[in-house]
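Here's the structure we're looking at; comments come further down.
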Amino acid sequence: MEVLIDIVLLSLLVATAVALVMVRGLIASIMLTSVYGLLSASFFVTMGAVDVAFTEAAVGAGVSPLLLLFTVAVIGRKERAPEGGAVLVKSLLLVVVTGALLIVGTLDMPPFGSPDAPAQTHVAPYYLQQSGAEIGIPNVVTSVLASYRAYDTLGEVLVIFTAGVAVILILASSSHRGSARLRNATVPDGSPHTILQVVGKILIPFILLFAFYVQFHGEYGPGGGFQAGVIFASGVILYGLLFGLPTVCRVLPPPVMEVLAALGVLIFGLTGVMSLLNGAPFLDYSVLADDPVTAQHIGIMVIELGVGITVASVITAIYYAFANQLEPGPN
Amino acid sequence: MSLSSLVFASLSVAPLAIIGICLSGSRPNLREAVSILASAILITLNLVLLGQLPDGAVTTWHSGEMLPGLRLELAVEPLGILFAIIASTLWLVTVVYAIGYMRSHEEQNQTRFYAFFALSIGCVMGIAFAGNLLTLFLFYELLTLSTWPLVVHAGTDKARQGGGVYLGLLLGTSVLFFLPAIFLTWWTAGTVTFTPGGVFNADTNPVVLSVLLVLFVFGVGKAAMMPFHRWLPAAMVAPTPVSALLHAVAVVKAGVFSILKIGVYIFGLEQLSAAESREWLLYLAGFSLLAASIVAMRQDNLKARLAYSTVSQLAYVSLGVLLAVPAGVTGGGLQIAMHAFGKITLFFCAGAILVASHKTRVSELSGLGRQMPFTMGAFLLASLSIVGLPPTGGTWSKFYLMLGTLEAGALLLAAALILSSLLNIVYLTLIPVRAFWRFDGRDVPASRADIQEAPLACCLAIGFTATCCVMLFLFPGPLLTLISRIPGAGG
Amino acid sequence: MDVFSYFNYWVVVVLMMLGFFIVIARGNLVKKLIGLNIFQTSVFILYISIGNVSGGAAPILEEGVALYSNPLPHVLILTAIVVGIATTAVGLALVVRIHAAYDSVEESEILAQDEPC
Amino acid sequence: MLSQLPVLPVLLPLIGAPACALLRRPTLAWVFACLVAVLAFLCTVSLFTTTWQEGVQTYALGGWPSPWGIEYRIDLLNALVLLVVSGIGAAILLASRASVWQEIGETRRGLFYVACLLCLAGLLGIAATGDAFNLFVFLEISSLSTYALVAMGPDRRALLAAYNYLIMGTIGATFILIGIGFLYMLTGTLSMADLGERLPAMGESRTAFAAYAFIVVGVCLKLALFPLHLWLPGAYTRAPSIVTVFLAATSTKVALYVLIRFTYSVFHLEFSQLAQALDTVFIALGVIAVFAGSLVAIFEADLKRGLAYSSVAQIGFMVIGLGIGTVEGLQASLIHLFNHALMKGALFLALAAFILRVGSSNFSSLRGIGRRMPLATAAFVLAGISLIGIPGTAGFISKWYLVLAAAAQQQWILLGLILAGSLLTAVYIWRFVETAYAEPEGDSVIQRNEAPLGMLLVIVLLALLNLYFGFDSRLPVETAGGAAQALLGGDAS
């Protein structure tokens, strides 16, 4: 049964990818991307990777198509016919060679799904067996993410922070006129989407509430700071789409988002520095409380909070930056 | 003063002079006085060094190791002192000459000119006192770089083009041949320090020695061995005092000096004669000196003719070293000195003619002897020295070189030397002869009344060097004594 | 199961190469980013496949469950997804600015406007 | 605090970047960024001396030992690269003010410095970490910030250059990710030290080969090794001047480090049968890079672009050293890594000063720059001479060891090619000298207008360091020797 689902999902994935290669026009491409994200999220579920599936659904089928749509709204949806001739031949050749190398590489691999593969026997068992005692939370993914490999996660938060800085740097017009306009703008009267606005007003509180649930339930089930941040941000974005950019900017002004983004990283980083100041290695939570397991709990809670804050505010800030392009300023 | 502080003092004269020159840039008289004072001090220092000259090569200073077995080294030995004294003396003379030349020619950027001039001399001192190949190489390259602004002094496109060839060939040969040669020497012998009798073991592979010799001879591009001689004529775009510096004092002498030093202190005469490539390099040198003479005959531009004459005369030195016999080395050493005084006189004359009459072509010089008898007289003396006829110093160098070829049993080369001297007479000595005694019977041009002798400073310089040519014939004793102390040259 | 043991990886390779192909063969700057997205997502699928254990449960500790899938690739891919979206965001921001500067997002049209940069 | 030393150089800019984002005033951001970078440099110096005296320093992040947690494992190689990156990074930030104030709009300056710190943190993180996946994460931090920094260039072509770099860079990073995935599949571990132990035990495996191939291609994209260099000239030319200095002096160095680390510490290629073939490939690509890069540089009309191609060529030299495959070769490669950072740092920084004063890096507008900015020009020439490899400069030491390594393997043709490549360097450096000291066009009188003091000091300092390390080369030579010995000799000393 599992094999069957597997085959079906993989076939669908291939079909989507092939369609992406064939299709012309950006809107269609974006929709297919979104489908691809959803399908891969489903595939991750069948593979037992629920946390990843959650994230992929939020990002691959949510944020990423959204950003693409914003871009297309600015630049238009047309796509020229693909290049033929030499470019095509060269690309095909490169792809075939790379693919062949990959196939050759797979030949000496341990079989798919084998429990005896080195990946399953070397480091991972330690996490599965010890994390219960050492960290004391059921979700092993969260244990690894937030404690064993917390430094990677700090890097991840920094990547997101960097993306925020980069997008603002790239999109900010040379003066701050854009965001000043945002702050001073008034709510537009009489929006045409009354039904959507009403439904939205009902939905948004639940979305935000769900975000908090995901944030703090991450230790027990799938979820965590990153997913929570994405969900929170999508609530904000929904609000912005329905009621206009100026409204949402008055609630959550862009400069505040920038400060929050930095603060989230700092919360994470300074937690690590706390350990450092107490003579323990960076990000060693054991100094946070007397009982090591409690200390792990506190540490994970705090850094997940940092992750959530940064992710939510960076995604919101990126949304602002893109949406700002949609309504060209006086210059 | 101790030996090492003397060497340091000698090396630091030029940099100090540059500072002085730059500071006094706005006051020409003071600036030139600084130059003259500096050169006078340098001569004195070098003469004191000569007085204290120890036997063999004595290392006076060395740095920490830059690379295993490689460091900067300074040393005092007879050949270096000889070179240093010649260079510093001619610096003084050239500065005096340049005062007259540059002022009456109204050249631009004179401060830059004098500063780089001093810098070049500083590099020459470095070459003269280099204690190993690496130090030699460093100053050698610095010399190339510091003379480049002098070559392109005029700033015209033609000057830049000439400067490009100049730099390209000199840097190219040194990076492609000289540097690998140093590397190979270090690789084979484990040291690059100048050692009397050479650095190689008796059982060194002769093939390696052959390769090394070829690399060195071509790598020292400043020695202008054909086919890497083109930079010399190209550098003729420079003002005349610079040409004098390039062709008599600094650059070309640095080249043949390096060859001589490498032959004596890196190979040693024994190993040198073991290298098989020596044979055909000898003939290349022979060819070089003949071919350059023939090319020189065809040049109408006076400076170009002198340039090719230099190519030819430099080959004499290379030939002397490559003979690998004591008389050859003695002849080579003498040739460095004699040619320096002879050729600088010729260039001074060429400059004087340019300043006084604005003539640059040989064919225009007929009859000029009546307007500029002093200059032309000096020209005659100097050309005799180049040819190697009494009563000039050139006689001695040619004599020893001839002796060397006979000692080595290379009769063909002896014939080449004689032939070349004959050619010299045709293309050099005939110039002043025609200037004094015209053969074509036409009348002297009408503008002759405008032409007078060159400025006093120029004439002073010309007079001094021409006199030296004669004095060196009459009193070669001290020079010979000094040269005989070079290992391998001793009788 | 034997045939299937590599089939999964091969399909992933095909997916990756389809994405890679879009990146290098297409001239539309947005399409390239979409291709990059597909390429990266396919690599995620590879990682998750590595972590798969036949019959393993999601790695959330429960009483009575002995076989879990490998949590480590999941952690890595969580990070990699973030990296992917970050890259996409920066890339799209650049595309928006390029469009403002050149009034086109087609590589060939843009290159025709400038001497090569 | 001494036990925390390995993590501090990375941590300072890492935490410093978000803190810097909180500072609203650009001047303050600049001062803060400089402070952080200098502190990081001081920590690196201390870390370097500790490593030098006491050997490998390990540091378990989060208190979890490798392979379960992420570990920093600083040996001489790491320490050397960290020293170069943080030193040059600090110097450049200190010198950056005038140039940044001219080229970057007022509202962007603050975030510009945040991005600089992020880039620095990313590069240092790559150079310090002992975990393959952690390396990927930090690679992305540095890459993303670099894309943004390149896009800040004054010309619209900067945007395109940044986009191209983003596409190529991301393909490279994804290739590395694939490689790491394969490695994990084979061994079940991500720690590089652990990988190094478990991989050889696997024997020759096609998966390992594919993993290596993908990592090498990915890293070479970042390294801009010919023929994967296409993004580099555009990015270097169009980026703001300061960013170019930063990239040229640090980014490719780190990429080279990654290549060396994976080749020798993870895959232990020296024991593999493939080694011979790969060495040949590296040497061939390196030689082509040297000649192709130099030839293009010779004919470029724009000095900045010329120097960018020169970087392609110099990377070629480093890869040749790697390809020779002996301790000497590797040592030469590392020495050149060190020296080249100094040379290109000085060259591009001096160029930034020219652009600041003249407004263009075109040869035609640089005529007479030697009289306008005598000190900066002199420093440029000095660094250029070092780039050629004239004795007495740091460049000579690099070339010397490279030639030595080639000679020890009896590769005489290669030796000749290396020398010929150096000669090509001389040609394009000389072109600049000629232009710089030529008379300016027309009769325009040249005003003396030297670079701002802070910038000038750093330029002159870097140029003088080129001279210093030409005479006292113990630091790079002995460190590189020790690192190469440890990598190839097998025993971690």
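Chains here go by letter, A, B, C and D, matching the order in which they are written, and residues are numbered from 1 within each.
Note that in this section a contact is a pair of C-beta atoms (placed from the backbone, for glycine too) under 8 Å apart; a residue touches a chain by one contact, two chains touch by 3 or more.
What you see is a predicted model, and the numbers here were worked out from it, not measured in a lab.
Which two chains touch most often is answered by the contact tally, and the pair is A-C. Put simply, the C-alpha centre of chain A and that of chain C have 13 angstrom between them. Centroids of chain A and chain D (each the mean of its C-alpha atoms) stand 31 Å apart. Annotation: 70 Å between the Cα-based centres of chain B and chain C. The geometric centre of chain B is 45 Å away from that of chain D, both derived from CA atoms.
Counting partner chains per residue, chain D shows two or more touched chains at residues 133, 137, 140, 144, 147-148, 151, 178, 184-185, 190. Within chain C, the positions touching two or more other chains are listed as 16, 20, 50, 72-73, 76, 79, 83, 86-87, 90, 94-95, 97. Residue positions of chain A with contacts to 2 or more other chains are 102, 106-107, 109, 117, 119-120, 123-124, 127, 149, 152, 155-156, 159, 162-163, 166-167, 170. Touching chain pairs in this entry, ordered by label, are A-C, A-D, B-D, C-D. Considering their complex, residues 16, 20, 23, 29, 32, 36, 39-40, 43, 46-47, 50, 72-73, 76, 79-80, 83, 86-87, 90-91, 94-95, 97-98, 101-102, 110, 114, 116-117 of chain C touch chain D. Across the complex, chain A is touched by residues 1-2, 4-11, 13-22, 24-28, 30-31, 33-35, 37-38, 41-42, 44-45, 48-62, 67-79, 81-90, 92-97, 99, 105-106, 108-109 of chain C. By the touch criterion stated above, chain D contacts chain B in their complex at residues 388-392, 397, 400-401, 403-404, 407, 415, 419-420, 422-423, 426-427, 430, 434, 437-439, 470-473, 477. On chain D, the positions that touch chain C within their shared complex are 133, 136-137, 140, 144, 147-148, 151, 155-157, 159-163, 166-167, 170-171, 173-174, 177-178, 181, 184-185, 190, 234, 237-238.
Those residues of chain B whose C-beta lies close enough to touch chain D in the complex are 63-64, 66-67, 72, 134, 137-138, 141, 149, 155, 160, 163-164, 167-168, 171-172, 175-176, 179-180, 183, 187.
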